[in-house]
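Several structures are given next for inspection.
Both complexes shown next keep chain A, but they swap its partner, so chain B is in the first and chain C is in the second.
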Partner chain A sequence: MRNRKLIASLFVYGFLAVIVLGFLIPIGMMVAGSLKPDERVLLEAGTLRGYLPAEMNLQNYRDVFARVPFMRYLFNSVFITSAIVVFGLLVNSLAGYALARMQWPGRDRILLVVIALMIIPLEAIAVPLFYEVTLLGWRNTYLVQIVPFIANAFSIYLFYTFFLGLPRELEEAAKIDGAGAWRIFFTIIVPNAKAVFAAVAILTFLIQWGSFLWPLMVTNNEDVRPLPLGIASFYSLPPLQWGDIFAFGVMMVAPVLLVFLVFQRWFVKGVATTGVKG
Partner chain B sequence: MPRDLKRQDCLNAWFFMLPALLGLLFFVLLPFVLAVGLSFTNLRMGSPLPTEFVGITQYQRILTDTAFLHGLLNNTIFALIVVPVQTILALLLALLINQPLRGMVVFRTLFFMPVVFPLSLVAVVWVLLYAPGPQGTLNSLLEFITAGAWQPRDFLHDGAWALPAISLTSIWQGVGFQMVILLAALQSIPEELYDAAKVDGANKRQQLVFITLPQLRNALIFVVLVTTILAFRLFDQVQIMTQGGPRNSTTTVIYEAVRAAFASQQVARGAAMTVVFFTIVLLLTLLQRFLIKHEKAIE
Partner chain C sequence: MSKVAFQGVTKRFDDDTIALRKFDLYIEDGEFVVLVGPSGCGKSTALRLLAGLEPVSEGRILIDEKVVNTVSPQQRNIAMVFQNYALYPHMSVRRNLEFPLRMSHTPRRIMAKKVEHIARILDLSDLLERKPKQLSGGQRQRVAMGRALVRDPSVFLLDEPLSNLDAKLRAQIRADIAKIQNTLNKTTLYVTHDQVEAMTLGDRVAVMNAGQIQQVDTPAALYERPQNIFVAKFLGSPGMNIIPSTMVIDDTNKLAVRLGNQSITLSQDRQQANPAITKFIGQPILVGIRPEAISATQVMNSVGLKLNILSVEFLGHESLVYFHCPDAGGSEPGDVVIARIVGKVQSPIHKNAEFFIDPDAIYLFNQEGLIIDGP
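Then we have the complex of A and B:
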């Protein structure tokens, strides 16, 4: 019996290990390729040598900074994404709270509208939105990449369901003490809702950090373009040097990967919450 | 409660709601209404001609447009490849990682890692993996596995291989997301169900078929729906890896819509394409609601 269990678990480990190896090929190639001379990257792409360190140096990283405004892309990405996350958390949590815990005429109808809007993906409205912001004269700005994405029906819904589940007693005591709605929200509700704030922040961050279609449509100026467009235009910028591209890629993903590894539990929890409604 | 206190409450609620509501109205609802409205006109940005109502002309045109029809077909093929493969792989990984063995968190981390990679970066890296000729990564791997029988090919410039290649890339990036959702669903199955089954003498396979899978039903429906909708949103990988080619074999609905609105300024035509896209998303969502409701009715 014990032997059978051991064999079964060895089988599980072996199977997972094989899949993990396959999974790591693209990442390993990117990291190894970023450290070696450009001409060797393509040459060794199909060999095990492709993943082994040889003639390691940081020349590719220096080349990235010399060839494109990497720091500019990075700043733009960080600025745009954090603005959306911070304003989004504020605006959507307030809305979720109003829908879940406050009495006001029209609430049920607004809730239905929010739920209905949840199923409209950006792609379904990208073309008229593009037309709208062109009329507003917003193209090639930070504004156009931030403002349309602050209010989010799905974030509101996540806050709404979380606040519904909080015990009523939390607010009752404060109300008797004469605290107003704003004070109750910021001093009592927010500290008790860290999990949902973290989940919404992480989901928003993941989606916005990788945003590609929208900035591609509304910007044509490197000054306001984020990293995903940076890598795409670097890739199409001759001469095609894979070492440089991979160095760009490593620098683009390293900060996110670091944050992910540190806050892993929250990432996994955050993603899992999206499935709860299913 | 005194009347002005009640009014104060109501006012507060509207203040709480207003910023989000304005955002949704201006940047979701208005463009959505515009998408439908514009699709019945001939609006072209920068055109000197006045915009006119043209009825269903745009729809008639796009439904005879080869590139757009290819896009619809490609999205469908892409969904038919990605949804089953990715779901089964995610389910398998979730079941394995859910075993009470040491070190499973490490595997979970590794499988989830690609999810934090932006699709644009993933697409660029995979272009090199698909490099043509015998020294390309995938070509040499396949050559090794088949002991030399594999003929190297140029995956991304081959009409038969380009779309499957993009599918594999997407599966690599997305499977961790599904896995985590299924893992959470697995861990929320009450332990008592398994205890009862063991008392009744059910073996591991019977437990899987009669307890685990039925309990995962809603999570699986959700995951399949989300992945199918994602499949119809396909854009980034196509834009970077193939630009819709070769000969429309990887173009998509959204790729064509963006090209119409953006490259040739035909906003109305692009809007009509996105309306078709949204109709598909809506039908898929209604199907999901129906399936989940249906199950509740049985209970």
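Then we have the complex of A and C:
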């Protein structure tokens, strides 16, 4: 009996280990590759030596800064993503709150529309959207990379389900104490919804940080292009130097890891609604 | 100084369930009224309508003779204590107490003074910097009371404020509420399902069932003069025994009620005081007897009755004795009559034990459950 349990858990852990390796191998290869001379990157790929950055140096990183305007890309990505996250939190949380807690005609239908919108991918609407922003004259701007992504059905839905679960009495108590709708939202609801704000922030950040197709369609100027287009530019800058690409990749992934480390405490943490109910 | 009136208030929810039906209630200035009833009887709905948390479907609600049907909760100057307290979890006790004052733009100096004052009354002075989750149930309850009292509301609403506390704490806070009410004299509507709270706290008590008020009166009057079977059974612990019976003229040519094959003769005075009862002669009626009106020994003019004991519960200072219902047909099988007997009842289970009932303590109800005559 005990043996069987042991074998079962060995099997489970073995399976998990394979999955983890599947995710770690490319990252390890990228980090190692970024630290060695270009000509050895492809040569050693697929061998165990590929993961040992012999003759380590930072030449590839220096090359990246010399060959492409990395700081410009980084600034663009940070600016665009932050703007989407900040405005997205505001807009989507308000929408989620209105759907979860307020009485207004057509609410249930709008909720259905929001849920339906979740399954439509950007690729499906990219062309008409492209046409629209062209008419607006927004191409080659930050605006075109920010505005279409602020309102997000999935974020709204996350906020909606969270607000449904908050004790209604908190709002009713605040109402009776004399607070209006805006004040209730910002002084009672938001402080008790940190977990969902963090979750939405981190999800939005991750998705937008890797955004490629849309910026490629609507920009052709390096001044407003984000990091994913920066990395792509190496393919059009011969010779193809994998070391540089890996170095760029490491610098592009680092902020994502940083954001996750900062927010994961909130991300993982459950909802604290203590203070209600003895 | 505030009066409250519900005038023919009906509350219908979206799914067409009716929570309140033509509800009328008047609360005098400074009066403490308790709404009591079984769960789902609409008592909390009445409170929420008064608070403005739900819209009224029909009828009017007045505060100080002004109709407030369309006035928002913010504008009604009411305060409410919720069953689960609804303290703001992210704010300290001080911030919680300050919140209603901030909303009314109270100057900082006055706000601090008021918070200190209310904290002193409720013994919260040492807890002001704590968060709600660091407080015990009783302390949270006091903070909730404090938050309601701090801004001097015109009407004070409490929704089952004691139901989350253990029995001992409940008794203590019940006494505190009574004390606070005596000093502040606020117009108060208090909702509970607990008849002890209702009887001890209320100046008047409104007993509710199925969205309607059954009777509103002082606690003593409700107990002594219930208007119908619901009130009679709801108040008292255990509630009044209701036994199907028939009114007859007995061998001595006096008015009597039959209980099974026995009968209890009613005193001549009752017939004289209420001649109308004679029209029920020969008709089925319902007899109400309080458990405490049945005794094991003969006193004054009480009448002996042979009863079959089912079981006895000894509670220390008294015993609850369960009998087969001695009716003349009409009761459900398994119906019991309960007696509260002071002290210990010997020989628990046997047939034909003799117990005594004072005929003047008997209530008579008609088939619809409305009172015909009482002591």
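General remarks:
Going forward, the second predicted complex is superposed on the first by the 234 of 278 C-alpha atoms of A that agree within 3 Å, B and C clash if a C-alpha of one lies under 4 Å from a C-alpha of the other, contacts with A are read in each partner's own complex, and residues count from 1 in each chain.
Simple rule for what comes next: a residue touches a chain if its C-beta (ideal position, glycine included) is under 8 Å from a C-beta of that chain, and two chains touch if they have at least 3 such contacts.
The model shown is predicted, which means the values in this text are computed figures rather than measured ones.
Of the two partner chains placed by the overlay, only chain C lies in contact with A:179; chain B stays clear of it. When both complexes are overlaid on chain A, the residue A:261 reaches chain B alone and has no touch with chain C.
Of the two partner chains placed by superposition, A:115 touches none, neither chain B nor chain C. With both structures placed on the common chain, the touch criterion links A:170 to chain C but leaves chain B unconnected. Once the two structures are superposed, chain B and chain C can be ranked by residues of chain A touched, with B on top.
By the touch criterion defined above, A:78 reaches neither chain B nor chain C. Touch criterion met: A:231 reaches chain B, while chain C stays clear of it. In the superposed pair of complexes, A:143 makes contact with neither chain B nor chain C. After overlaying the two complexes on the shared chain, residue contacts for A:188 are found with chain C alone; chain B is out of touch. Judged by the document's definition of touching, chain A residues 180, 272, 274-278 lie at the interface with chain B and also at the interface with chain C.
Against chain A, the residues of chain B that register as touching in their complex are 9-10, 12-14, 16-17, 19-24, 26-32, 34-35, 38, 43, 45, 93, 96-97, 99, 101, 103, 107-122, 124-129, 131, 134-137, 139-141, 172, 177, 180-185, 218-219, 221-223, 225-226, 229, 233, 235-236, 239-240, 254, 257-258, 261-262, 267, 270-271, 273-275, 277-278, 281-282, 285, 292. Within the complex formed with chain B, the chain A residues making contact are 9, 12-13, 15-16, 19-20, 23-27, 29-30, 33, 41-47, 50, 90-92, 94-95, 97-99, 102-105, 107, 110, 113-114, 117, 119-121, 123-132, 134, 147-151, 153, 156, 180-182, 185, 206, 209-210, 212-213, 216-217, 227-229, 231-232, 235, 242, 245-246, 249, 252-253, 256-257, 260-261, 264, 267-268, 271-272, 274-278. Chain contact summary for the complex, chain C toward chain A: residues 51-53, 72-74, 76, 78-80, 82-90, 99-100, 103-104, 131-133, 136-137, 140-141, 147, 151, 164-165.
Looking at the complex, you find that chain A touches chain C at residues 167, 169-170, 172-180, 183, 188, 191-192, 272-278.
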